[in-house]
Amino acid sequence: MTGVPISWFLTLSAVLFALGVAGFVFRRNIITVFMSIELMLNAVNLSFITFSYQLKQVDGHIFTFVVMVVAAAEAAVGLAIILTIFKNRATLNIDQIDSMKN
Amino acid sequence: MPVSLMPNTADILRLLPEIILTVMGTFLMVLDALLQRRNSKAFGNLSLLTLVAALAASVYAYTLAGPAFGGMLVVDGFATFFRVLVIITGILTVLPSYGFLARQNAETSEFHTLLLFSIAGQCLMVAANELIMVFIGLEISSIASYVLAGYLRDDKRANESSLKYFLLGSFATAFFLYGVALIYGSTGTISLTAIRGVLSGPSAPSPVFIGVAAALISVGLGFKVSAAPFQIWAPDVYQGAPSPVAAFLSAGPKAAAFAVFLRIFMTALGPVGGGWEPLVWMSAMASMVIGNFAALLQQNVKRMLAYSSIAHAGYVLVALTARSSIGTAAAMFYLAAYTFMNVGAFAVVSYLSGKGERYQNIEDFAGLGQKQPFTAAMLSIFLLSLIGVPLTGGFFGKFYIFKAALESHLVWLTVLGLLTTAAAAYYYLRLLVMMYMHEPGDAANYAEAPSLSMRFALVLPAIATLFLGIFPTWVLDFAGKSSTLLK
Amino acid sequence: MNPLLLVLALPLAGFLIALLIPRSSPQGSRIWALVLSLATFVVSLALPVLFQRGIAGEQFLLDVPWIRSPEIRFHIAIDGLSLWLVVLSTFLTPLCVLISWRAVQNRAKEFYAFLLLLEFGLVGVFMAQDLFLFYVFWEVSLVPMYFLVGIWGHERRIYAAVKFFLYTMAGSVLMLTAIIYIYNRAGTFSYPELLDMLVGGKLMFSGKEQLLLFLAFFVAFAIKVPIFPLHTWLPDAHVEAPTAGSVMLASVMLKMGAYGILHFCLPLFPTASRACAPWIVTLAIIGIIYGALVAMVQPNMKKLVAYSSVSHLGFVVLGIFSFTQLGFDGAVYQMLNHGISTGALFVLVGILYERRHSLEIADYGGVATAAPWLSTAFLITTLASIGLPLLNNFVGEFLVLQGAALANYKWAIYAAIGVILSACYMLWLYQRVFFGEVTEEIRSHLPDLHPREWAVIVPLVVMMVWMGVYPQSFLPKVGQTTAHILEQTQVNVPFRVQVPSQVGQIQTPHAEAANAR
Amino acid sequence: MQLWLIPLLPLAGFLINGIFGRKLPKSVINAVAVGSVVLSFLWVLKTLSGLGALDAAYTEHYFTWIQSGSFHVGCDFSVDRLTAVMLLVVTGVGSLIHLYSIGYMAHEGGYYRFFAYMNLFMFFMLTLVLAANYLVLFVGWEGVGLCSYLLIGFYFDKKFATDAGNKAFIVNRIGDFGFALAMFYIVKTFGSLDFATVFSHASGASQGVLTAIGLLLLLGACGKSAQLPLYVWLPDAMAGPTPVSALIHAATMVTAGVYMTARSWQIYTHAPAAMEAIAIIGILTAFFAATIGLAQNDIKKVFAYSTVSQLGYMFVGVGCGAFSAGIYHLVTHAFFKALLFLGSGSVIHALAGEQDMRHMGGMWKKIPWTFWTMMAAAIAISGIPPFSGFYSKDAILVAAHQHEPWMYWLGTITAGMTAFYVFRAMFMTFLGDYRGHEHPHESPGIMLAPLVILAALSVLGGILFKVPDFLAPLFPAMEEARDFSLVIISSSAGVIGIALAYVMYVLKPGMADSVASSFKGLYTLIYNKYFVDEIYDAAVVQPVINGSRTVLWKGIDVGVVDGMVNGAGSQARAIGSVLRLLQSGNIRSYATWTLFGAVVLIAAMGVVGGLR
Amino acid sequence: MDVILFLVFAIIAVVCAINVVVQTHPISSAISLIGVMGSLAVLYLLLGAEFIAAAQVIVYAGAVMVLFIFVIMLLNAGEETRHGRSIMVQLLGVPLLIGLLGLLAYFVQRLFPRSDSVHFGGFTGGTALAIGRALFTTYLLQFEVTSILILIAIVGAIVLARKELD
């Protein structure tokens, strides 16, 4: 019976990762940028799961689990930071957060 | 699949520093909630107490060195060295923070809580012997420091630096994770020692692949140690962050991240060293050049120190490029010296910057040598050490690093490094010139005599800097002994 | 108690204690500095007295471990070469204290502290027998001088100070590289051990290694000497420095370079030094003539003296690279002579500046009428520095040129032109400053020497005459060491390196790393 | 025999007057200054009498001066007949001139300074002649140069004086340059500087080497003895007080070159080419300077050029191998030229500083003593028998004829010109009627006494002191070919010169100007000393100074080298400012940069890792 | 069967991901991100990671994304504005992305040429039981330490977001 080649999964994760990067680089709304990071993390998770399937191990799952927790924590803090930014500048456009340069 | 039963006491004791830090951190938080009228000094004293206790604990933990929690952690000389280092960094951050926080009339309890947590995270990082542990430690330390960077939440620059640090940090972390995933996928394990086993074994994956994974990992770690080409965030974040925090960021996470760097690359990826050496080599060269040259034009002292910290990361990477236990020892020694001189320099900045951190520019240091001779003298020691003048830790560290580099026949890397040192002298000298060769300006005139805690914050690192420069043997031996453990 | 250690420790102790003197009492600092530097000088006089004739190698050896790994030892000693340089430093420091007595008013405390620290560093440089220690002192002497120039200097002091610091830094990092490299090859920093290993064949440098190491050392030293074209920091530093700074800089610091070449470069890398000699001698001769010519057209007294130093130090280098006994002796003697006479010149210029507050030659004229003794002292110094017989420089220049002539007669011809030119610029200077109609303001602003200045000038003049009339009280001790160096540099297997081509074929770091492992 | 006393007495005088002079009364200064010189004169006499025949050199070693390796130079003095002659001349004439100075300088400022310098000069001059090796000789050599510098610039508030001093010192330096190089070559060849060693081995050395040494020494001699092309300093040196001109620039120092070459005769006899050079330079200088002398109006300038010219004669003597003749002329010249200078000094003194002969005339009535003594000297220099000048000049010319007839003829013409311009000076000064405004008065006895003594010496010196015979054992003998025709021709040249002068300046005073105007070009050329100073200035001095300023200092030093240094700095800053562009502050740019780094590293790892 | 399953959800994931990137309104990005997560959850199941799949839906798609949407609403962030620009992104953005994707994909291909393929039920170690055992034995420490992480997140959020007391 035909299965799905491992490398397909991995490629998918690579694609998603790249798309996450793209979102980070091209989107201007801070929140969207932040979501792109989540996308990247998901991509990585997919790789972990795939590998642990291939290795028949649970470690990858644990790692993914931890990554999820971290993502949640980061979300909490990150959104708080975004709040303060918005409070101080009344904008979510990432291009306007560049008072410090050179 | 290794199954360990419930942890025994030894495990707990080896984890003692982290436990103390977290427990006390939580306690501070609760205390803050309970106390009606809060006495801002008390929290500072408490966290100092905690840190000292943690210091003692980590020294004690060293007496029963060994792996803990089924090899998730390993408490060895190396770990202890860095635990002590980050905890000292914490102490040197707390000392100047008294006056600073008072000046900015900011909350103190959470500051110390977060600081303690972040240090706990770094202690975990340096002791971690397994990638999940590394990752968690990294995140604990990072998330705490994201918040710390934006601690003055009504300060636009603080917000901005916090956001930049956070977004780019997470961005880099994602790369790090991807690299870890690839390592895991190719070696089938996440325990560093096990990885080393696989890589040195018969069924080792192609070094090319490890190289790529290493590259991805070095994105994350390079970001944390602010090594080129991932240095770009550092100047903005350091400038925006409150000075004590900037001091902390430039030393604590950096040291911890370097510890991880060393553990992963020397221990886990050691067998395929030839594969990743060019990586570190390029990064080192870029860091030294970018850091030193960009610093030449900075007017803002915090930015200047940021660039200098980039350059110093470059020097440590040179030691890593040597790929020898001597090199590791050199890196460890240099990080120690760097911590003292850099945190010391930042302490002076936070002392001088005044309310709302008005005075951050080089001009503001004018005439400090006449108005505040003591402070100026201390800063001069730090600057001379950063330049690398003999009898200071900075010099001996560089000397030891380049010795290691030359032993590994990295002649031209050494020459380049030393030449950039010479160029670097210029921007440190500008500060000396300002302090001693110009007439006092506002900042120097209005600066009140340093408080007791500030005096400690200056004298301790100064003494340490000179001690490392004149009697390096003791530290060197320890570093040398523990560096061999990485193999 | 080892006298060397005492000579080294006194200034350091003096420095530390000077820091404790309250800044409210500058007089205290002055007196303290004077007392201490005099004490140091007196102690240092024990060295030539106790110095044993006929021992070429190190004397008053003190060797205690300092850092365990890499093994660095606190290893100090002196030989006939460093003996007089040490004494020179200790001799000049009290004079510098005296000459700054009134000139330095603001932040006197720091000034004298730095002066003592400087003495410590300089003396240390000449004593260190451990390469690492040598480097330490080399750099340590840099810092106080940087501050002396930068804080108490004239208008463009900051530019000068930074330039001075960076120039030296750039050179010394190369030296550091070489030192480390040698350590990695030989496993020791101890200079005597290294020599033994070289002699015993336990340590061998390939032609290229030796050449590159030699150059690394040489550039560092050449900047300090300074050798044309690395000299441009000197005029600025001299002009901007306070009198004491100029004196210490010209009289002692420049000697660090020449001393380094003679004491380290030649014995460690005999073949390379001999191979490079022609190139270096060419530079030295260019320096001699060039320095003199440029000095001739300087409108500023200190600048003039500075360029004259470039010219004089050219003789030293010429003597060294003539690889003859006479050349060596002459070079060493010339170092001392230059120390005395140029030091004196700076002192006298300083005295003029204190009175007239100008260094421009054009602002003077007819001083001889107003201040006859000052002019006499200046005249004697001038004559000394243009190498008039019976005054010190003559002996040195004669030996150097004679040595050069023995090595290659053409060198002597070219170099001797410098002797003519020196007369031109010095006498012209003297004429413009001291001769001519005396203006009223000169007459009123230029009192003659007062006792404190006498106390500075007389010793210097006495030394000029003594060293000129009876050099035998100095030369023999030097000779025994230089003879030793000469035999160390006898290369029995001469190889001809074509310097440019050799330097050209430098390997890439990758290649280095690759064929290393 | 404490030879060292001879120079040290004047040195003591110098130290005493130099250090305490300002406080001392004139009488003490005189006592010290003159006393010391006279004492050393007496000591010379005692020494020489004690040394007896002096067939061999008598040497004293005091201490090793310089030692390096096997090479060493001692502080040694030695006396042989040549030295003896020089010692007598120097101390003798020296004493007289010191005596004279008491009167001459009586009203000058810096009295003590003057005598201190004079004593110092005596010290160095005596060191020079007593030296037993080249280096000690060089000490004296440079020392006398120094003293002449100091004394020429004695009136240091006058620019021309100090200029002249510098000129003298620097031109001498050029000579010393040659001398020094000669010494280096000697050491290279003989390994020692002691006369004894060098000369005893001279025959062994190759001719080429000896020629080189000889020529280099000659360069030194040319500087010191004001020969072509380095004579330019001597005429200017007249800026100093007249006794200085007499002592240093006529009698003693300027003859040092002759002494030195004669001293080194062993070298020269083995280097004919060098000797030829000496002779040619000598004769040319003699002629050349004489022509200039014809048209000078400053009385001291006249005698200055005459000195140059006479020194030329001495060189001819040495160059032709007639060393003793050269020395002989040196001695007699010391007498009459010193006398001429002192006499002119007395005239100037009488006229309160007037030096231009056009403002003189008819002085013989007013200052007869001066006139008659000077007349003796004038006749002597013109080589009229039996005056001293005749013998020495005659000896030289005879030798010249044996060597190269054309030299003889040129010498004879020069002799005629010498007679002409000396007497021109005499007539313009003393005869005719007074053209000045001062009220001349005869000088005091203390000044006249030396004049008289010197006059006597100029008259009888030739007969009394047969220097050649005295020196005969020292130098190689020359076959004596006394050809009276030569003698008559040469001395008659002198007579003609005098007669011509008498005609032009006494009988027909207008004639001189008409002659001058008829040979306008030639006259202006001579009158302006062939523009040599101007040429040197334009050809050497200015180019060097301007070149150094514009090219070396502003160009290379400030421009190129510092340009590069500062350039490096600005380059670094340029790099820095490029890096600043990265730091745009924009998070997305930062992310892109980070991404860039990541991609580069990954790619690099792939490539390095051998990806294919 | 598996292949179809994979392809369907892979395509959904990619499309949604692209949507995340191209949408200019954060809400639509957030919605499509949830889509990605959902489809990934299915793929997790395919890979035998039951527990993670569940967690993915509950924690990620549930809690975290809700938080996001909440904040978006709170700040009522609308269409993103176009101030300022970044030359760097415009110049390097696309090529770098292509480079990254190319490299990653290429390496992944090169690493796992061995075509052991995935089919449902090929690995059943991902049950809640297995995960739980691992978490409370081998990875106990990690599990405990994550709690600190959460704690910090709380403190941090409070520090940054709470109202000024004074």
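For reference, chains read A, B, C, D and E in written order, and residue numbers begin at 1 within each chain.
The criterion applied here is as follows: contacts are C-beta pairs under 8 Å (C-beta built on N, C-alpha and C of every residue); 3 or more make two chains touch, one makes a residue touch a chain.
These figures come from a predicted structure and were not determined experimentally.
Trainee: List every chain that touches both chain C and chain E.
Mentor: B, D
Trainee: Spell out the chains that contact chain A while also contacting chain D.
Mentor: Expected: B, E.
Trainee: Of all the chains shown, whose C-alpha centre falls nearest the centre of every protein C-alpha atom combined?
Mentor: Going by the distance between chain centres and the overall C-alpha centre, it is C.
Trainee: Farthest chain from chain C, comparing Cα centres?
Mentor: E
Trainee: Chain C to chain D: how many Å between their CA centres?
Mentor: Between these chains, centre-to-centre, one finds 37 Å.
Trainee: Roughly how far is chain B from chain C, centre to centre by C-alpha average, rounded to an integer in Å?
Mentor: Centres of chain B and chain C (C-alpha means) sit 42 Å apart.
Trainee: State, to the nearest whole Å, the distance from the C-alpha centre of chain A to the C-alpha centre of chain E.
Mentor: Going by mean C-alpha positions, chain A sits 5 Å from chain E.
Trainee: Find the geometric centre of each of chain D and chain E from their Cα atoms only, then give the gap between the two centres in Å, rounded to an integer.
Mentor: Using C-alpha averages as centres, the distance is 102 Å.
Trainee: Counting only residues that touch at least 2 other chains, which ones in chain C make the list?
Mentor: Not one residue of chain C touches more than one other chain, so the list is empty.
Trainee: Could you say which residues in chain D touch two or more other chains, in rising order?
Mentor: Expected reply: 580, 582-588, 591-593, 595-596, 598, 602, 606.
Trainee: Any chance you could list the residues of chain A touching two or more other chains?
Mentor: Residue numbers touching two or more other chains: 10, 17, 20-21, 24-26, 28, 33-34, 50, 54, 57-59, 62, 66, 70, 73-74, 77, 80-82, 84, 95, 97-101.
Trainee: Mind listing each pair of touching chains for me?
Mentor: A-B, A-D, A-E, B-C, B-D, B-E, C-D, D-E
Trainee: Using the touch definition from the top, list the residues of chain B that touch chain A in their complex.
Mentor: 1, 131-132, 135-136, 139, 143, 146-147, 150, 153-154, 156-157, 159-164, 166-167, 170-171, 174, 177-178, 180-182, 184-185, 188-190, 235-236, 239-240
Trainee: Quick one: in the complex, what on chain E touches chain D?
Mentor: The touching residues are 84, 86-89, 92-93, 96-97, 99-100, 103-104, 107.
Trainee: In the complex formed with chain C, which residues of chain B make contact?
Mentor: My answer: residues 274, 277-278, 281, 370, 373, 384, 387, 389-391, 395, 399-400, 402-403, 406-415, 418-419, 421-422, 425-426, 429, 432-433, 436-437, 471-473, 476-477, 480.
Trainee: Which stretch or stretches of chain A touch chain D in the complex?
Mentor: Going through chain A, the ones touching chain D are 21, 24-26, 28, 33, 94-95, 97-102.
Trainee: Taking the touch rule as given, give the residues of chain E at its contact with chain B in the complex, in rising order.
Mentor: Within the complex, chain E touches chain B at residues 103-104, 107, 110-112, 133-134, 137-142, 145-146, 148-149, 151-153, 155-156, 158-160, 164.
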